[in-house]
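You will see subunit A twice below: alongside subunit B first, and alongside subunit C after that.
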Partner chain A sequence: MRKFLNGPWVLLMPTLIILTCVVLLPLLLSLWTSFTPFKLTKPDTLYRFVGFRNYERLIGDIDFWIAFGRTVLFLAVALNLELVFGLGIALLINKITYGQRTLRTLMMFPMMFSPILVGFQWKYIFNDNIGLMNNFLREFGVIQPIPWLVDGILANTSIMAAEIWSSTSVFAILLLAGLLGIPKDPIEAAKVDGCNSWQVFKNITLPFLMPFVFIAMTIRSLDVARAYDIVQMMTGGGPAKRTELLWTLISRTGYVDAKMGMANAMSYISIFLSIAFTFFFFYKLVEARQRLSYE
Partner chain B sequence: MLRLFLSLILTVSFFGSFSAKAETELWGDYSGVTLRVKLIGGGQYEGLYNEVIPWWEENTGGKIEIVTQKNHFELDKEIKKDIASGNLDFCVASNHTSFASQYGNIYTDLNNIMPASVLADYTPLILEHSTVDGRLVQMPRHSDVSNLYYQKSLYEDADNKANFKAKYGYDLTPPETWDQVKDQAIFFSNPPDFYGTQYVGKEEAIAGRFYELVIANGGALFDEDYRPIFNSAAGVEALQWFIDLYNAKAVPDGVLNYLWDDTGLGFASGTIAMNLDWAGWAGFFNDPENSKVAGDIGLVRAPMGSGGLRTGWSGSHSFSMTESCPDKEAAASFLWALTSNKAQMIEARGGLSPTRPAIWDAIIAEKKAEGDEFMLMVFETFKMSLAEDAFTPPLIPEWIEFTNVLYPELQAAILGDKSPEDALAIASKKATEIMEDAGYF
Partner chain C sequence: MNKKQINNILIWFSAIVLIILIMTPGLWVVLTAFRPQVDVMAKPAVWIPRNLNLIQFETMLFGGSEGSMGRSPIPVLSYLRNSLIISFTSTFIAVLVGTIGGYGFARHNFKHKNKYFLLIMLTRTIPGISLSLPIFIIFSKIGLIDTHIGIILVFVALNIPFTIWLTDGFFRQIPRAMSEVAMTDGCTKLQAFWHIELPLSRSGIASAGIFAFLISWNEYALVSNLARSTDSKTLTVGLMDFTAQFTINWPGMCALAVFIIIPALILTFMVQKHLVTGLTFGGVKG
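And now, the complex of A and B:
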């Protein structure tokens, strides 16, 4: 006992207790509920074990898998576009010598808006009747209003535009930090050896930057679910499920239909999606670091 | 039964410029009592609290602590979470007849709390709609039913009259049937500047509109055993009405994302000819500061479907008392105050439909005395509509869950992704699963 009290476990105990209470227990409880028909309005259902029934139903639920596929597509397209735009902004800001601090602050403005507010703003911009976009297009002779939030492709693109506007600056800031940390010597040496700007970027800047790219990707792939508020505000997953993502489906199942057991089963399946993205980006991060150290 | 110091005082209330029928009041001395309450928020609802809470506190010595004030859908989620966590540490909460059956037995049976003389002041049918499994779980605040607002000048225009008659073969008058609404909406439409009508296009809102049209067409959502039967001729006809208007561009393209604010503000913008809406919008529509159609508004009872019935999807906002409330007599007094003659008159002046017959008489008398012809028309139309046309959705706990499987299929049919028959067949299959899971059959 004395050995235990003097050992490292005592120092770790507060952390372990907090992590158990805040992370482990809720995870175990939600895992348990996914094996029950738990309804929020019927607390007794928490104790009725139904095995894999919720999971079996989800496997045969085409609506769930369509939402799952759409979420994967949304993540892939939105994160890559955010990366491209964020990299572009970071490179441009890195070039300037005057006003960089001011621009960095301005760049962070979209991050200061709550996702709900972003959703409201962009819903108004894309409103077919009174929205800014259609009124702007009307000035250029587009008389028939475009149903931005009704047509399947346009609605998903509109939501993605809002999400990209809101989160590109996260990439830009992380990549700018990476750019500021790149040593100048290899770049100057390459220029002396006759490399053009593209060759310098491709062979020196980008490899140095890749660990930051994958760190940014990992962070964003984990917190991209914050876009739930944006989707909920703009379309609510509709019309006719055309913009339904896992987040809107799970939220409606859990809180509106009160079927929390089923919603948690959906969540546990979707967790595999997050784990897959995170694992992939960590793998690429390690690979990029190793390549950098070899070079 | 309530404890001793609950006092019942039969008085005649005088407030403002009118005198209402004798009312049973429910005052008591509640010094030292603090009631925690969760209320529906929003501009339309909060005026009542600003007047009634100080009034109740002054007369009883009690205090009201507002724990939550948010829109009804958010409040619904919060209360469901409270039920799941067993954390029902509040006494009074806003409720609605369409939502109440979801909440199990967390709310007290007010038949055992409210004196019969108090209950006698409310419309009996509305109290019946406020009852779940024989338990009166809510005191009705105001009732909702929709009627058809329209721009009067469109119907007075000689060219419109002649052109409409030439095209459709009958006179242009405010519509009596939903088929006439469709004809006239298509006739008036000139997209993207002007539309014949609009409808709420998602969630419970469009499901409710579909429901009332199915009833008006002579159909039903469920049979006696709660098996879905809306996949019928009446159901397809109802859904086809939405589809036809959408395809004819007689409604805005974005209508499937519209909820109540969008349709209300749309009509006030002057770009919509006809608008089926609640009484609460009447004052807003006729206010020149908010509305471009102020002074040009007509109102008729909701039209009839092919079954000869008028649409009349109805419900009541209400207040409930939790079973766990430690001060039930104080809470009963507060429930009475929130739905009293004084409270209902405050809301009626804003255009909301009262749940006490005495207030209908009082508000109509007041508007007559003021010479306010518009609001007089509004109250007389809604009074008749609530008396003769109104019906509630099925008062079952599965109502909201059911609407969540129905509305995406309605939208899919309206957008042309599915035929109306296919959409209703899929919705019917999903609804059957819900009712089976709930143990109805």
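And now, the complex of A and C:
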């Protein structure tokens, strides 16, 4: 008993109990539910086991795969652009000596916006009737309003713009922290030895920044699903499923169509997607950290 | 002009463009909240605000004034109350539990420590909407749907992992020797924690708290499904509900949006310094 009280477990116990009750047990329930034809309207169906039927149906469900593919593509494009823009912004702010702190603070502006607000503000901006975008274009003679949130490609691009606006600063701030921590000696030594600025960037700055890139990616990967809030606000997955992501599809299947069993099967696939993603970047982070400490 | 000056001008020019891109969308919403409906709907657009007023805020808080449509259709005060109760309570509990857990991770070595840490972080990875489905089923069975307690419970679980991540980093910055000295002088472990390590990591814990508050304040996916009425709906859900309507009162909605952003704005500026150190320290030094 004494050993237990002095050990780590007594400290971790509250955390583990809460996470077990609120996350782990519900996840087990949803795993079970995904093997049943459970519908909210028919409570008895919770106890009928149908094996992999939901998953089999999903494999043949073209709507699901379109949403799945769109989600993966959306994340791949959005995260890469966020990383590139974030790196650019960090390098830019790093160059500025006067007013750097103020710029860094301004940079945090989008981080305060809840995804719902981000969605709202961009829905307003891209509104085809009174939105900032179309009003602005009208000044330049574009009389015909552009249906930003209706056309498939435009709607996805608009959502992407909202997503990038809200999350680039996470990358910028963290990469800037990395840039500020780079020791000056190796850079000066390299310049004395005749390296040009691209070579310095590629061989010194970038390797040093890598752990920060992975921290940013890991932190970001924890909340990629908040794109759900943005999409739900801007288009609700519509019109006609043109902007449907995995998460909006889950929400529609579970709550609107009341097909809980099917929605849980989908959400297991989305959970694995998220976890694989976080795991990958966390592993990369540990690896980069080790490499840095060996050198 | 030499090359360096041109360079400087280019850098400043891009910085200004950047700031405009970052600030405009938010400021446009704030501006709209103070403008009359006529100006917002005008075509061609009215770019320079002609008259600004507080009508939207008045309507929202005190119901309609000056013989307008009567009470505001949006129960903002209920939403605000729910948001405050839920965010404050869940932040308090999450910081309490998370700080204890973070201390456990920072000060103890045990088997598979990194794996447990990762496992706790991974609970945060689960998309809110996926987690909401089973919780919805459980809560409707045990009567926690549409209650503050239910939502607070979920938010606590949501905030613990990140609190552990931050506080773990801050506790590790404090040399172990300090509490060891105190303990050889006769302090118990708890006293050493209370008098030495806790005060030293105060700023870290405070920023973890503000983080947790912001996450709760801004959350939508879970609340929107676990809250059914004004008994527990928060501001974010309220904004969504009324923006999804067929005809949107844009200035009114913008006023509601301003309501949501102001506390977040103040709190983020308060912690911005700790935010960066906390995130990178926990991550880089492993």
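One rule holds in what follows: the second predicted complex is superposed on the first by the 252 of 295 C-alpha atoms of A that agree within 3 Å, B and C clash if a C-alpha of one lies under 4 Å from a C-alpha of the other, contacts with A are read in each partner's own complex, and residues count from 1 in each chain.
Keep in mind that, in the parts below, a contact is a pair of C-beta atoms (placed from the backbone, for glycine too) under 8 Å apart; a residue touches a chain by one contact, two chains touch by 3 or more.
Please read these numbers as outputs of a predicted model, since none were measured by experiment.
Superimposing the complexes on subunit A yields a three-chain arrangement in which subunit B and subunit C clash. When the shared chain is aligned, subunit B comes close enough to touch A:Lys42, but subunit C does not. In the superposed model, A:Ala240 makes contact with subunit B only, not with subunit C. Shared-chain residue A:Leu11: touches subunit C; no touch with subunit B.
Once the two complexes are laid over each other on the shared chain, residue contacts for A:Ala177 go to subunit C alone; subunit B is not touched.
In the superposed model, A:Tyr255 makes contact with both subunit B and subunit C. By the touch criterion defined above, A:Asp128 reaches subunit B but does not reach subunit C. Between subunit B and subunit C, the partner in contact with more residues of subunit A is C.
Touch criterion met: A:Phe109 reaches subunit C, while subunit B stays clear of it.
Of the two partner chains, subunit C is the only one touched by A:Ile89; subunit B is not. Shared-chain residue A:Ser267: touches subunit C; no touch with subunit B. Among the listed stretches 80-88, 98-106, 314-322 or 404-412 of subunit B, only 80-88 clashes with subunit C once the two complexes are superposed. For the contact definition in use here, the residues of subunit A common to its subunit B contact set and its subunit C contact set are 127, 130, 236, 255, 260.
By the touch criterion stated above, subunit A contacts subunit B in their complex at residues 37, 40-43, 127-130, 143-145, 147-150, 235-236, 238-241, 252, 255-260. Across the complex, subunit C is touched by residues 6-9, 11-12, 14-15, 18-19, 21-27, 29-30, 33, 46, 89, 92-93, 95-96, 103-117, 120-125, 127, 130, 132, 135-136, 138-139, 165, 169, 173-174, 177-178, 211-212, 215, 218-219, 221-222, 225-226, 228-229, 232-233, 236, 247, 250-251, 254-255, 260, 263-264, 267-268, 270-271, 274-275, 277-279, 282, 285-286, 289 of subunit A.
Subunit B meets subunit A in the complex at residues 73, 76-77, 80-81, 83-84, 86, 102-104, 191-192, 201-203, 252-254, 256-257, 266, 269, 271, 397, 400-401, 404, 407-409, 411-412, 414-415, 417, 437. The touching residues of subunit C, counted against subunit A in their complex, run 11-12, 14-15, 18-19, 21-26, 28-29, 32, 40-41, 43-45, 97-98, 100-101, 103-105, 107-108, 110, 116, 118, 120-131, 133-138, 153-154, 156-157, 160-161, 164, 189, 214, 217-221, 225, 236, 239-240, 243-244, 250, 253-254, 257, 260-261, 264-265, 267-269, 272, 275-277, 279-280, 283-284, 286.
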